[in-house]
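For reference, chains read A, B and C in written order, and residue numbers begin at 1 within each chain.
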Amino acid sequence: MQTSAKRHQVGLFVTCLVDMFRPSIGFATIKLLESAGCDVNVPSTQTCCGQPAFNSGDKATSIDIAKQTIEAFDGFEYVVGPSGSCISMLHHYPELFAESDPWHARATALKGRAYEITSFLTDVLNFDDILASYEGVATYHDSCSGLRELGVKQQPRTLLAKVANLSLNEMEESETCCGFGGTFCVKYPDISNRMVENKSANIDASGANTLLGGDLGCLLNMAGKLKRQGHAIEVRHIVEVLAGMTDEPAIGDANYNLGKAV
Amino acid sequence: MSRAEIFSNIRRGLGRGEASAEQKAAVKARLDQHKANLIPMRAQLPHHEQVALFKEMALEAAAEIIELTDIHEVPAACEAWLANREINELIAASDSQITALDWQSTPRIQLNHRVGKVGDIASLTTSFAGIAETGTLMLYSRQESPTTLNFLPDVHMVILHEKDIVGPYEDAWQKLRSSTAGTMPRTVNMITGPSRSADIEQRLQMGAHGPKELVILLISDSQ
Amino acid sequence: MQIESPAFKENARIALHDVDLQKALGNLKAGFPTKRAAAIERMPEFDSLRDEAMQLKNHIIENLDLYLEQFEENVTKQGGHVHWARTSDDACKTILDICRQVGAKTVTKGKSMVSEEVNLNEYLEANGVTPVETDLGEYILQLRGDHPSHIIAPAIHLNLEDVTEAFHEHHGRPRSSDPAVLMQEAREMLREKFVAADVGITGANFCVAETGSTIIVTNEGNGDLTQTLPKTHIVITSIEKVVPTLEDMTLFQRLLARSATGQEFTVYNTLSTGPRRADDQDGPENFHVVLVDNGRSEMVGSEFQDMLRCIRCSACMNHCPVYGSVGGHSYGWVYPGPMGSVLTPKMIGIEKAGLLPNASTFCGKCESVCPVRIPLPKLMRHWREDEFSKHLSPKAARWGLGGWAFFAKRPSLYRLLSKGANRALRLMAGKKGRVTKLPLAGGWTDWRDMPAPSGKTFMEQYKQQQR
């Protein structure tokens, strides 16, 4: 790892959904962090935050994955990820260990260093030097974990205000769950569907042509619904807009270059 | 049998047997202290502002307020209000504040001192405290003031002196303890506006089972 | 009431397609949350009150036996009687005994969720005592042979037309679709019942140890008539409702109405202490308090202890997007919504209620509005842990989770898995950029498309860049 006296040493927590579905979110996050004066590394021993196990009541697996993640990010000054949900999970790690367990202290230390990207830029680095431009009217969905567990509410809006040519139309009930909920959406599909229907109606009513959010799980859910309903609204992760990386088609939109990709 | 099991479960859960003498003393002391918890700023105003707040909150709760300067104005005020609705009987509490008034001068209302009954239209009682923070009246049952008067009639008229308005509920509890020499009466009523229900489609309707109208005769005693 | 919690999924599906129910649930959303927000706006100390309330409840639980003893002592001192009921059956028997002692034929009832919990009405009826519900919502439900779907707005699942029909049928009066007329009708019908009843049964929101008082909080005044007119007043409530002093009760009073209906204060907050005094002209001659346990004492010291702080305000269900979608009856027992998803498994068993604590996205809205800061998602998660450790969760889910965990714990294999899934999804999506039908993920694709990966995995691309 390259060391520099001034630059913050950040480990990127990619999150498994970004890894698999939308790498551009990871690269946009790196770009933002670097422009805010950070050295960014991506430890290759990371996988998932463990939330599927944690929320399914499988504590043993949660503990194994927590230990793996704690070790993967040992030595980094900060751990930053483009997801309020996954970073919240990192914040739950101390609960998994007895206070007398040495892992408890390590988990607590990780919690103290782990930030969601918009919160990190705003609250820690006090950075708002956003140079991007985006032609459009956006609306912002406040994903639950980021909002209620990490206090992410104003930060994304502060940063979006710096994006040239972008205006923000708030939707009704932007703080209401979209119905994703990890395994919830497949365990209780009808209820999840009702919740995302309510959400898409509010998104549509906002008059925005772009839906932004900070959690890919929720965005996949909402994009999937909007596409199924035939809405033309573009769905993107906020960092794509902040980093000026919006050349790629929006989530669930056509024209992916299949040949080149595979 | 149930009792012993319940207590033993609780103690097992708390990881102890019967509480120590020290713990018991601490609980006793807490009960005797009547320590207040956080009291909102809104309830800690100078008295004249408390009176204003009481009125504002009581009106918001859909009570009606008739402002009087002296308690001797009560019979005429009642008569005028009731006459307007063609009501000629008033079932009243028999505490001295009410019996000492001159009801001979108001022939249009017949005053009866008894408990409330089904079919009663209007009642009159006193209230020993008004609580400013939510416009709440506090009443308690006693020989002179049966509880049924507060609930059965369609209209409940209540005499309240401005000097008896306190800021927070806590002050009302202290006032209650001193009014009743520390013995709780059978019933203590905190009343904030007239009866209502929103059980049908969440649409608010006034006058469910208790009084449909609550009229506060607020006496300033300014003369 | 019948336990239908194992059928949560089916019930929820039916509820989602029930046009009338969905219309009724719309009223909830527009009502309580909006009013609560407005009330809290006016009380800047609200969050500090919540902190104090949480601490006070914790203190009470730590000394629960002592406060219960004090409460019992003071009720007795005032001439009342305290009865302890370990189970629903104990509670019902105790109450029936009292009714028989005084030769009761009919009893009026104020709204009490504990009485629903112990199934009191059915028990009394089966034993020749007729219970008459007097809360407007509960009265409507009783006429219809229905049960509450919400802990403070029991008839929230009904529409005006339902009330119109029920009243027409039972009152024999002309149909009215004016809520004011309907309420007046109920008022008149119930007046006679209040007077004729031999016993009045109410619940209690709090029990004050200092004075031996119980308190009910109502807007209608039905509870007051229920407990004042008959010769005998029976309070049925549960052991965690005890608070030390009147001042302590007041802390919860400041939170209750605002959290529940968004009112500054509920119309009637009424304290009952013992039977009528020697010189009182009205009030009951007998006063009984039945303290129900039903599993609560076992929650002390357990991972569910925080649930004992609950003051039954209903804010959690009022704000729950799942409750708002499927309504209270889907939960299949007395307590719906997030608080019910924690409490029900304790009372009817996780084997029957396992679907409830799983029916949450853990969005956290419930915890964020709870006046006593109960970590409801965490407690629901504890149930999931309990279920998982007892091998009660569905096999397919366990296998899926096990397979996934195998890879998640092995980073290099996980890379391969992601890569494979990434390729497969992209192939299936083709140029559309999304998959409309995905084997084994019908739960997703029945309702929405699955956006396809936009290219190779992040880790692949990152590795290429690093070279």
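By our rule, contacts are C-beta pairs under 8 Å (C-beta built on N, C-alpha and C of every residue); 3 or more make two chains touch, one makes a residue touch a chain.
If you want to know which protein each chain is, UniProt gives these names: A = (Fe-S)-binding protein; B = LUD domain-containing protein; C = Iron-sulfur cluster-binding protein.
Given the structure is predicted, the values throughout are model-derived calculations rather than measurements.
Chemist: If every chain is reduced to the average of its C-alpha atoms, which one ends up farthest from subunit A ((Fe-S)-binding protein)?
Modeler: B
Chemist: Which chain has its C-alpha centre closest to the mean of all protein C-alpha atoms shown?
Modeler: Central by C-alpha mean position: chain C.
Chemist: In angstrom, rounded to a whole number, how far apart do the mean CA points of subunit A ((Fe-S)-binding protein) and subunit B (LUD domain-containing protein) lie?
Modeler: For subunit A ((Fe-S)-binding protein) versus subunit B (LUD domain-containing protein), the centre distance works out to 54 Å.
Chemist: Using mean CA coordinates as chain centres, what's the subunit A ((Fe-S)-binding protein)-subunit C distance in Å?
Modeler: 33
Chemist: Using Cα averages as centroids, what's the distance between subunit B (LUD domain-containing protein) and subunit C in whole Å?
Modeler: So the centroids are 29 Å from each other.
Chemist: Over in the complex, which subunit A ((Fe-S)-binding protein) residues touch subunit C? Could you list them?
Modeler: 14, 16, 18-24, 26-27, 42, 44-48, 50, 52-59, 61, 64-65, 68, 144-145, 147-149, 175-177, 179-196, 198, 220-221, 223-225, 227-228, 248-249, 251-258, 260-262
Chemist: Which positions of subunit B (LUD domain-containing protein) touch subunit C when the two form their complex?
Modeler: Answer in residue numbers: 1-3, 5-7, 9-15, 18-19, 23-24, 27, 30-31, 33-38, 40-42, 57, 60-61, 114-116, 118, 134-136, 141-143, 146-148, 150-152, 168-170, 173, 176, 184-203, 205, 207-211.
Chemist: Please name which positions on subunit C make contact with subunit B (LUD domain-containing protein) in the complex.
Modeler: 24, 27-28, 30-32, 43-45, 48-49, 52, 56, 62-68, 70, 78, 84-87, 90, 134-137, 140, 153-156, 158-160, 163, 179-180, 182-184, 186-187, 190-192, 194-195, 209-213, 219-222, 224-225, 228-229, 239, 244-248, 250-251, 253-254, 261, 264-277, 279-283, 291, 293, 297-302, 305
Chemist: Which bits of subunit C are touching subunit A ((Fe-S)-binding protein) when the two form their complex?
Modeler: 9, 12-13, 16, 321-322, 325-326, 358-365, 367-368, 381, 383-389, 393, 397, 401, 404-405, 407-409, 411, 414, 418, 421-423, 426-427, 429-434, 436, 441-444, 446-459, 461-462
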